[in-house]
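Take this structure, written in structure tokens, and hold onto it; I'll ask about it next.
So that you can tell them apart, the chains are marked A, B, C, D, E and F in the order they are listed, and the count of residues begins at 1 in each.
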Amino acid sequence: MPIVTVQVTREGTTADRNSITAEEKAAIIKGVSEVLLDVLNKPLESTYVVIEEVDLDNWGWGGLPTAQYRARRAPAAKP
Amino acid sequence: MPIVTVQVTREGTTADRNSITAEEKAAIIKGVSEVLLDVLNKPLESTYVVIEEVDLDNWGWGGLPTAQYRARRAPAAKP
Amino acid sequence: MPIVTVQVTREGTTADRNSITAEEKAAIIKGVSEVLLDVLNKPLESTYVVIEEVDLDNWGWGGLPTAQYRARRAPAAKP
Amino acid sequence: MPIVTVQVTREGTTADRNSITAEEKAAIIKGVSEVLLDVLNKPLESTYVVIEEVDLDNWGWGGLPTAQYRARRAPAAKP
Amino acid sequence: MPIVTVQVTREGTTADRNSITAEEKAAIIKGVSEVLLDVLNKPLESTYVVIEEVDLDNWGWGGLPTAQYRARRAPAAKP
Amino acid sequence: MPIVTVQVTREGTTADRNSITAEEKAAIIKGVSEVLLDVLNKPLESTYVVIEEVDLDNWGWGGLPTAQYRARRAPAAKP
């Protein structure tokens, strides 16, 4: 009876969206539940999946809020 | 100094509500804190309780978002 | 389908034990599951409970590891 | 930069083992990381996966420790 | 590659605010990431920080929702 | 009343150790508690810190267990 918690930033996968869609959430739930079934033989019915969306301001990386961290990395990646 | 985290779906206990009420939250906090007091002698003052409400779309069961999982189970339960 | 996570320090409730007992764990599981049944009508079968025991060194309070925090508070509590 | 936490009971997938194997852990890590890549375009390098193994005594279901819950369900499932 | 999760109540540090500010979040992210760098030599780039803001109703202390607990403690603290 | 959870791999900061030391844990507890005091004026007494040490096999990065991920990155970093 696994519990899978998926934490992601609250943002869209395309420029016109600001969060992940219901279809994407369903695909994540299906995908990770099947991993537990395939690898450990856990029945789908016994797996709970919880998706936690985290505002960009509330997610830190490199000692900075995510938006600032990405902005700093992007120029460095260019020639 | 226990920490109790309670994760539940964000929905009401009656048809006219779409989330749990402040009274229900208070009853959960009181109830689980008293369990720790009764079983492990932990003073109420040392227990933190955090209630996390999770949107139905973000909670998966049976490889599906909760609403879909319930819809699929409901007919099967009927004669 | 609630998930309840209970984090407690790894220590006994009496001087001759160094962890909580299987009976105490069962009582915690029963107690918190019944709170969710009583308050939110969640069937016992839909509630998962996970107990996490944390070494005293790994639990901080008052800016100190628990053992040191307790030692500092204890004398202060005496007349 | 997703974080995926996978909580499972500490037990083997075959009768001669008492925990999941390093190969099974690696397959879980690979599988759930690829779900995030496929669904949300998250690069594998940005996903952290944490597997938490929980002792059977510490996992409750149906208001009971897991071993007791399974023992009670098993007979009921037979004719 | 540490993950640091910071859970705080959703409220402002001054009377005219009802949540922590983006600047305060950035300072928390910077501060805890530097602790991991200083103590364990973990590069800033490898540390994720997730800040979870919890509504006052959803945080329990002393067996009560936070607002009630504070109200009960405040008078007792006065002569 | 913040709760700070610090998840790190179970390994030493020097070659002769295989876990973080009690002194390092105390420094983490002190450091992150002071961040919450400095930034949000949270009294040290109201902050709980929980350190979770995760076996290398149980921590995934880049779709691989940590040891394999590091082994793969190390050669690439060299000229």
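Keep in mind that, in the parts below, contacts are C-beta pairs under 8 Å (C-beta built on N, C-alpha and C of every residue); 3 or more make two chains touch, one makes a residue touch a chain.
This structure is a prediction, so every number in the text was calculated from the model and none was measured.
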At minimum, the number of touching-chain hops separating chain B from chain D is 2
List every chain that touches both chain C and chain F.
-> B, D
For the homomeric pair chain B and chain E, should the interface be classed as same or different, according to whether the shared residue numbers exceed half of all numbers used?
-> different
For the interface formed by C-F, which of the candidate pairs A-D, B-E or B-F is equivalent, sharing more than half of the contact pairs by residue number?
-> B-E
Please indicate which chain is farthest from chain A, where distance is taken between mean Cα coordinates of the chains.
-> C
Copy-to-copy rotation for chain C and chain E - C-alpha atoms, rounded to a multiple of 5° | 180
Chain centres from averaged Cα atoms put chain E and chain F apart, in whole Å, by 18
Chain D to chain F, mean C-alpha position gap in Å, rounds to 23
Going through chain E residue by residue, note those that touch at least 2 other chains and give them in order.
-> 1, 3, 7, 28, 32, 48, 50, 59, 61
Provide the full list of chain pairs in touch.
-> A-B, A-C, A-D, A-E, B-C, B-E, B-F, C-D, C-F, D-E, D-F, E-F
What part of chain F is in contact with chain B in the complex they form?
-> 1, 3, 48, 50
Within their complex, chain F touches chain D through residues 7, 54, 57-65, 68
Residues of chain E touching chain A in their complex?
-> 22, 25-26, 28-30, 32-34, 37, 44-45, 47-53
Provide the residue numbers of chain B that touch chain C in the complex, in ascending order.
-> 1-9, 13, 20, 24, 27-28, 31-32, 35-36, 38-42, 59, 61, 66
